[in-house]
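I've put the structures underneath this note.
Consider the two complexes below, in which subunit A is the common component and subunit B and subunit C are the respective partners.
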Partner chain A sequence: MNEKERNQRYNAYVSAKMTKTKPWPSLFHAFWVGGLICCLGELIKDLCLYISPELSTQTASTWSLIALIVLAALLTGLGIFDRIGAYAGAGTIIPITGFSNSIASPAVEFKREGLVFGLMAKMFIIAGPVIVTGVVASIIVGLVYLFI
Partner chain B sequence: MNRLGRQTIVFKNKPRVVGSYTVVGPKEGRGNFAKFFDKILEDDLFGEKSYEAAESKMLKFAITEAIKNANIDKTQIDALFAGDLMNQIISSSFAARKLEIPYFGLFGACSTMAESLIMGSCYVDGGFARYAACATGSHFSSAEKQFRYPLELGTQRPPTSQWTVTGTGCTILGNDDSAGIFVECATIGKVVDWDVTDANNMGAAMAPAAMSTLKAHFEDTGRTADDYDLILTGDLGKLGSEILMDLMEYNGYKLGSNYNDCGQMIFNNTQKTFMGGSGCGCGASILNSYVYSRMNKGMLKNVLFIATGALMSTLSSQQGNSIPAIAHAVSIKFGGK
Partner chain C sequence: MFDPIMYLKVFLVGGFVCMIGQILIITTKMTSARILVSFLLFGVALEALGLFQPIRDFAGSGITVPIIGFGASLAHGAIDAGNSMGLLGVFTGGLSAVAGGIAAAILAGYLVGLIFTSKTKK
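Let's look at the complex of A and B:
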C-alpha cells in the first residue's frame, strides 16, 4: 500500500468514524429561533405603524431592521448572542441579526489591539466577504438590468 | 551512547522531578480534576488587560511557584525550556522576561510539555544544569482569537472539535535523590502527516503521529503496553484516542484499560466540549498535578506520557495544506536510586 492509498483509506475511515452533526435537531432549532426573530421583526414593524400611522410600510421595515441590528449588537456586547447562536446556528445567522453579530463580535475581540488597527481594521473580517459578494452581485444585476 | 534503536534516548542519571505547579482557568476548575490543580483562577483574565497577557502571567506564575515547590532558589535553575501556541511563542518569552533564567523557547504546539521535559532531562542528565524548568501552557480565549473566530461570534462548533484548555504547568527537574519520580527514557517523534486537512478534527490529524511514536517506543525498548500502569496521550480527545487504539491494534499492539487521554479526561460530559480538551495546557495541567500526585502516593509507578501536537498555522490551513503532527513520548517512573 503506497502512501497516497494509505492516506485515502485513513481519511475514509475517519469520516466513517467521526460524529456528525444531526440535521433534524439542528434544523428544528434554527427554524424556531429564526422564525421567532422574524416574528419579532414583524412585531416591531407593526408597532411602528401603530404608533405613527403616517409612516410608509418601507420606512417601518427599515426601523424594524435597525432595531434588530441594535439588539443583536447589544446582545453580542453582553456576551449573550454567542450562546443563542451556538444553539440556533443558521436561525440567528441568516436574519440580519447574524450580520450585526459578525461585525460586532470582531469589534469586541480586537478592541485591545487599538481603535484603528484593531477595532476598525478587524471589524469586517467575517462580514467582509458578505459585503464584497453583495457589491459584486449588485454590479452584475445592474449591468444585466441596463442591457435588458 | 545513551540510545536505544532509532528514536529513543535513555537518561542514565535519572533526572528527577523535584517540583511542579499547575494553574488552570475557571472552566477547568469545574472539570474532573479540580482537586488536583494547584491554583484555579476565578477570572480567566487573571487581572490582565488581554488574554495573551493572562496566558503569559499564568505561565510565569506556574514557573515561579514550581521553583518554590521544589524548595530552591531561581538562581539554581540553569535552564528554562518553555513554549506555547501563540505566534512567535510570546507567552513563554514574555513570561521569561523577568525570570532571569537562561531560556530556550520551544515550539511543538501541544506536544510542548513532552518536548520541554525531554530537553530538560537531557540538560540535567548531561550535567549541563543543576536544575531545569520545563513549562508550557495555553489559553482558550487567546487560542480562539488566533486560530478560530471571535469569542462572541454566534457560530456552532463542529462535533469533532475540541476545547483549548486554559492552563499552564511547570516541572522542575534536578538530580536530587530524595525525589521519587524520575524521567527514565524518551522517544522523539517524527513529523507525520496522513493528509488530514480538517482543522476542526485535530484528534484525527494527530493520532497517526501518536501511533508512530508509540510504535517506535515499543520497538526501540522491546516493551509492550503492559509494561506501563498508565499510557497517557496529551490531547487526542475522544475521537483521536479511539483512532489511536484502532491504529495500534492494526500494528499488533493492544492498548487496554491502562490507556487514557488528557483531552478526554479533563472536562466532564456536561461541559459541552465535544471531543474534550486540547492545547499545550491540557497535557501540562494533568501531568503536573494528577499524574505526579498519583505517582508520589505510589498508585502509579510506570507512566508513559505522549504529548501530541498539530504543527499547522492558520495560513497553512487557508492555503489548503494538510496538518502535519508530532508526538514525543516520555517514560516517567517512580522509584529509589
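Let's look at the complex of A and C:
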C-alpha cells in the first residue's frame, strides 16, 4: 500500500469517526452564548461605573475584560468551560474568554510535564501566536500612522 | 448605564461576531488558534482604518469583548503612543494598552494550572 493511498484511507477513517456538529444549530448556539458573554462584559462594565462613577469608560471596560478572563480561567480549571465550549463552539472561543481558556487549559494539561517546561512554557501554545501577531501588526500600524 | 437597548445591541453584535467565527470553523476547519489570530488581525485592521471606534460607540462590549477588541486596543495603543511619544511609543503603546488583560490571563492561568489537575479522560 503506497503512502498516498494510506493517507486517503486514514483521512476517510478520521472523518468517519469525527463527531459531526450539525451546522445550523451550532451557529445558533455560538450566537446566543457569544452574545450572552458580551452582555455579561457590558454588565460588569456598568457595575464598575455604578460603583465608582469617576472611572473612565476605558478603565471600566478593562476591568470587565479582566473579570471575564479570571472567570474563564477558573471555569477552565473546574472543567466547566470545556462543557460550555463543546456546546457553544466559537461562542466561547471568540470572546476574550477563549483567550483566557487557551492559556489556562494547557497550563492544567501540561503540569505533569513539569512546572517550567510544562505549565509555564505550554501556557503560550495558543496565546503565543496571538500575542506575536498582535504585537507585530500593531507596530506596523503604528509605524504607518507615525510616518504618514 | 444599564440601558436595555444597549444590552440588546451588545447581544446582537457580539452574537453575530461569534456566529461568523462558527461559520469559519465549520467551513474551513480552522483550529481555534488560527481563528483567534484571524479575528485579532481583523481588529487591528478595523482600528487602523478608523472603523473600530464607531462600532464601539454603537455596540460597546459587543465588539470589545470578542478578541477583535483586543487587536483594536493593541493598534490603538501603538497609534496613540506613537502620536504622543514618537517612535518609542509605537513599540511601547500596543502592549501597554493590553497589559492588564495579558497579565490577568497569565496570573489566572498560572494559578489555575497550579491548583487544578486535569482529569484523565475515561
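Throughout what follows, the second predicted complex is superposed on the first by the 126 of 148 C-alpha atoms of A that agree within 3 Å, B and C clash if a C-alpha of one lies under 4 Å from a C-alpha of the other, contacts with A are read in each partner's own complex, and residues count from 1 in each chain.
The definition used in the following text is that a residue touches a chain if its C-beta (ideal position, glycine included) is under 8 Å from a C-beta of that chain, and two chains touch if they have at least 3 such contacts.
Since the structure is predicted, the reported quantities are computational estimates derived from the model, not experimental observations.
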Handout entry: Partner chain in contact with A:Arg6 - subunit B first, subunit C second, else both or neither
Key = first
Practice task
Mind working out whether A:Ala104 is in touch with subunit B, subunit C, both or neither, as first, second, both or neither?
Solution key: both
Practice task
Name the contact category of A:Ile93: first (subunit B only), second (subunit C only), both, or neither.
Solution key: both
Practice task
Once the structures are superposed on A, label A:Lys45 by its partner contacts, choosing first (subunit B), second (subunit C), both or neither.
Solution key: second
Exercise for the section: Please indicate which partner A:Gly79 is in contact with in the superposed arrangement: first for subunit B, second for subunit C, both, or neither. Expected result: both
Exercise for the section: Based on the superposed arrangement, let me know which partner A:Lys17 touches: subunit B (first), subunit C (second), both, or neither? Expected result: first
Problem - Greater residue coverage of subunit A in the superposed arrangement, subunit B or subunit C - result: C
Handout entry: Footprint overlap on subunit A, where subunit B in one structure and subunit C in the other make contact
Key = 21, 26, 76-77, 79, 88-89, 93, 98, 102, 104, 108-109, 126
Completion exercise
Contacts from subunit A onto subunit C in the complex sit at residues 21, 23, 26-27, 29-39, 41-43, 45-46, 49-50, 61-62, 64-66, 68-70, 73-74, 76-79, 88-91, 93-96, 98-100, 102-104, 107-109, 111, 119-120, 123, 125-127, 129-131, 133-135, 137-139, 141-146
Completion exercise
In the complex, the residues of subunit A that touch subunit B are 6-8, 10-11, 13-14, 17-21, 26, 76-77, 79, 81-86, 88-89, 92-93, 98, 101-102, 104-106, 108-110, 112, 126
Handout entry: subunit C residues touching subunit A - in the complex, by the definition given at the top
Key = 1-2, 6-7, 10-26, 32-33, 35-37, 39-41, 44, 47-48, 60-62, 64-71, 74-75, 77-79, 81-83, 86-87, 89-91, 93-95, 98, 100-102, 104-106, 108-119
Exercise for the section: Spell out the residues on subunit B that touch subunit A in their complex, using ranges where they run on. Expected result: 49-50, 145, 149-160, 194-196, 201, 204, 208, 239, 242-243, 246, 274
